[in-house]
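The same subunit A turns up in both complexes below, where it pairs with subunit B and then with subunit C.
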Partner chain A sequence: MSKFIDKTLSNAIGYIQQSIYSEKYAKRNGLLQGIDGRAKIIALLFLIISAVYAKTIDMLLFFIVLSMILAAASKIPLSFFIPRVWFFVPLFTGIIVLPATLNVVTPGKEIFTLMAIKSWHLSVTKEGIHAAAILIARVAATSSFAILITLTTRWNDAVESMHDLKFPKVFVLVLSMSYRYIFLLLDMVKNMLLSRKSRVMGKEKSMGSWKLYSPIIASLFMKAFSLNGKVYHAMLARGFGNEPQSMKKKSISIKSVLFLLLCTSLAIAMLICERQEVVQCLLP
Partner chain B sequence: MPSPVIELHNVSYTYPDGTEALKNITAKIFEGESVAIAGPNGAGKSTLLLIMGGLLAPSSGEVKIFGKKIDGKMISNVKKMYEVRKKMGIVFQDPDVQLFSSTVHDDVAFGPIHLGMSMDEVESKVSDTLKFLGLEHVAEKHPYELSGGEKRKAAIATVLVSSPDVLLLDEPTADLDPKSRKEFVELLKKLKDGGKTIVIATHDMEMLPEIAEKIFVIDRENITEGNLRDVLMDEKLLEEANLDVPLVARLFKMLESSGLNCDEIPFNTDGAIEKIRNMVNG
Partner chain C sequence: MHIPDGYLGPLTCGVMYLVMIPIWWMAAKAAREKLGDKSVPVLAMLTAISFLVMMFNWPVPDGTTAHMVGGTLIAILLGPWAAVIGVTIALVIQAFFFGDGGITALGANSFNMAFVLPFVGYYVYRGMRKILGDKPSSEMLAAGIGAYVGINVAAIAAAIEFGIQPYISPGYCPYGLNLAIPAMAFAHLTTAGPVAAVVTALVVGYIRKNRPDLLAEAAPAEG
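The block that comes next holds the complex of A and B.
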């Protein structure tokens, strides 16, 4: 048992470190990697908003396919990209999606009945399934674009772009600091596990091993807490709190501007279509 | 007489958990001085540096930096502390605390940006400093990816880049390999000759004779101020403070106790060579 915990813990840590940290895909030279961070964030945000408002399955499928094309053009293997997207979908749709299929939430044409007590019954409706499918597709489309941003942007560029786009300073700072220290803390856990292992002789009972983990977690929190105070000192010492001079204005490449225009106009066009339900009219 | 840069009068500091780290400490540091702070583990050296740097307010007593009185209210006022921060650089004992940005380059740029330099100036200073410390190849790396010594150098770079007048250094030579350590000592000498004020907390006694004239030996409530040479000759004080004398000095002390007459004990190799040459030549 304890071996299992050790293994899963260190594997999980290793996985997080590698996958977030390696910036493997962000370093490739694909389509999105070559787009200016600011343009990319705005463009994909527009697509996300447009996907949030999309009401038809066709349109959401269009967004999902678009995200896959963008991923492929950015040299992200679909075998990596798609599972990652579908990992997030249940996290966000979660349990909402199941009741949505039922007549009590979404009334409509009943397909089959799950339960009937006298005149009251619980059944799955056609409209319910439709609503659930839209919900799932919408989450898939929006997470696809969000994941594309994170996969193709190096962390520093993302932070800098958010800064340039006037995201709240504290927000950007907290994000970049947590990125900096998550590794330190993960490393600490790994080292603590190692040093514990090196001191534990023979076989431990699984109960005992559980007891051994709580101090590790407690000391991790203590360390995180004290680090926080010390890091604040280190920042103060170097002038934190003064308004920084505006960052150097970087010029945006034509490719980035084109990409931005294309994505935003596509997103806006989709929004308008959706509103006027032009699509329904055009489709036979 | 140069003016005092840092003045502590009867300063005590108690951490929130009740640990009394410093008690009734009085000390003055003058412009252009290089001062060592030595003492056993847990003696309060790091705490003392934080107080001298205007980051911690004393629990009681008075602290003046550049003649300005520093208290809790003052410290939380970013605008009022600006002048102090601009002229003062602190290298913390733990480089993981010092390096809080996501790349070495950004970290080195943090100080100059926040102290109001223009972006062009920042870039040129950052690249000069990185080059000077031999860190160009790790500029775009995450601090997490650095070796212990590289981290230490990067921490030093974050402070040198703003060329502060006063440098507070907490164990700056820990983790450095012998060559880097030597280069760092040379750098400190140069800074000292350039008129900077340097305060350095360290256990590295070998390095001190090269750079410090004055030393504070501290242990919570005792602070002994002295000329470095006198302190290095005071066996009892050194013993109490868990300190060592430089190897060369130890050798000459042993020679002296076995009957050799040398009126002044040398503390570094240059001094020793000189001494031996004199003795050989009669």
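The block that comes next holds the complex of A and C.
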């Protein structure tokens, strides 16, 4: 059973480490870190939407390369960025789209036969490989830009930007508080699991872990409920007035405006190219 | 069940966002009316719990692990509208800050996991309680059945969103409804579903035994 404790523990520790790494890169003096949070979120969202629309491998490769250039310009080592993007992409998307390369899902020009029983055969098709490659490249391109938002924006700046961009007030407030709750509760979970792990000897049945986790989740609920009243009174004591306030100036730099214009123009241009199917004319 | 960016075509992504906007608005309104000024810390706590519940890996018979969403559990404790907000913001944090689930697919993911799952789970739970009675074991069974049905209906909703892609947006998810629905249904009927059912039932039983006031407070609030 301990492997499941280990897996959940490593998830918990992974989330904490990921957050610490994100803050580490977000503090660096790079291109994206210097861009106003509002401009950066809108610009990268435009690029994500444009990548979702992309249907040609050339265009998707362009987006992937662009994300790498932005990462390098933001002082994020490619040795960190590329595995972060590509570790999950081939692992999950690759496995999911594997059957799509076969003639039974995507009929087309057969490249080689995997299995043949009398008249029935299982083959890999050219169209199937093309469809799988497009899907993997699209997931990689979109997740690259999403990861860039995470790695170059500090949590407080992201929440402040959402507030400035007129996201609903209740949403921004809950978002900003829940992030802190997550790490508080994560620490509780980690301690509960570690204390259990230190007392486990030998192998336990799967049902044992189901029974172990349920009281942990239930006690999380109970602890959170009892914390709730205290947190609310602490908020009132600090002058909480249902309206998030920011101490930072709201002006936006010329550099941020230029970045936003450049990215949105690029995204719109790529969308037009995609629509007119003339991307081959622009990309060698 | 987290759909990443790139699997759903732009049309589906846009429609799912449009579908979710009134649902999010109604959830925020219901949270304000029901929870008042305390809604912010309560919802923040629910979001954090929803996020953490999705982090737990449960062993399943095929040797792999599955995770639950916790939507039915939150809906049983604080009502389905509170679950909509809690699970949605957990999905936002996962998508933006941990790369789990897509940003363009956020509308679809929220529809499946933050709306369909808690609402179906909660109303099945309520229906089963009427049928099974008020005994603690009946309540646990009702919670388990609610969670099982909720996660499976949500998985079918996700499968339909995947499965219609070859017909409306070729070049995205390559599997049609004939493949997507059986694949998602099988995985959730046999792995994630039983995990959600057993864990929800055990958590409800544990809370009933140790903090019955939490369930008592929650039950009459929703009609």
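Operating definition for what follows: the second predicted complex is superposed on the first by the 186 of 284 C-alpha atoms of A that agree within 3 Å, B and C clash if a C-alpha of one lies under 4 Å from a C-alpha of the other, contacts with A are read in each partner's own complex, and residues count from 1 in each chain.
The rule we apply is simple: a contact is a pair of C-beta atoms (placed from the backbone, for glycine too) under 8 Å apart; a residue touches a chain by one contact, two chains touch by 3 or more.
Because the structure is a prediction, the values reported are computed rather than measured.
J.: Tell me which partner A:45 touches in the superposition: subunit B (first), subunit C (second), both or neither.
T.: In the superposition, A:45 contacts subunit C only.
J.: Which holds for A:95: it touches subunit B only (first), subunit C only (second), both, or neither?
T.: Once the two structures are laid over each other on A, A:95 reaches no partner at all.
J.: With both complexes superposed on chain A, which partner does A:239 reach: first (subunit B), second (subunit C), both or neither?
T.: First partner only, subunit B.
J.: Once the structures are superposed on A, label A:231 by its partner contacts, choosing first (subunit B), second (subunit C), both or neither.
T.: A:231: touches subunit B and subunit C.
J.: Which of the two partners, first being subunit B and second being subunit C, lies in contact with A:187: first, second, both, or neither?
T.: A:187 sits against subunit B, while subunit C stays out of touch.
J.: Examine A:147 and indicate which partner it touches, taking first as subunit B and second as subunit C; both and neither are also allowed.
T.: Second partner only, subunit C.
J.: Name the chain, either subunit B or subunit C, that contacts more residues of subunit A.
T.: So, of the two partners, C touches more residues of subunit A.
J.: With both complexes superposed on chain A, which partner does A:254 reach: first (subunit B), second (subunit C), both or neither?
T.: Neither partner.
J.: Just subunit B (first), just subunit C (second), both, or neither: which does A:117 touch?
T.: A:117 sits against neither subunit B nor subunit C.
J.: Across the two complexes, find the residues of subunit A that touch subunit B and also touch subunit C.
T.: Touching subunit B in the first complex and subunit C in the second, residues 155, 177, 179-181, 184, 227, 231, 235, 242 of subunit A appear in both lists.
J.: For subunit A, which residues are in contact with subunit C within the complex?
T.: Within the complex, subunit A touches subunit C at residues 1, 4, 7-8, 11-12, 15, 18-19, 22, 45, 48-49, 51-53, 55, 84, 88, 92-93, 97, 99-100, 105-106, 128, 131-132, 134-135, 138-139, 141-143, 146-147, 149-150, 155, 158, 168, 170-171, 173-175, 177-182, 184-186, 189, 206, 209-211, 213-215, 217-222, 224-225, 227-229, 231-232, 235, 242.
J.: Within their complex, state which residues of subunit A touch subunit B.
T.: Interface residues on the subunit A side: 21, 155-156, 159, 176-177, 179-181, 183-184, 187, 227, 230-231, 233-242, 244-248.
J.: Touching residues of subunit B toward subunit A in the complex: what are they?
T.: Going through subunit B, the ones touching subunit A are 50, 53, 55-56, 78, 81-82, 85-86, 88-90, 92, 94, 96-103, 106, 110-111, 113-120, 122-123, 142-144, 158-159, 162.
J.: Where on subunit C is subunit A touching in the complex?
T.: 4-7, 9-10, 13, 24, 28, 31-32, 37-45, 47-49, 51-53, 55-61, 65, 70, 73, 77, 85, 89-90, 92-93, 95-99, 102-104, 171-175, 179, 195, 198-199, 202-203, 206-207, 210-211, 214
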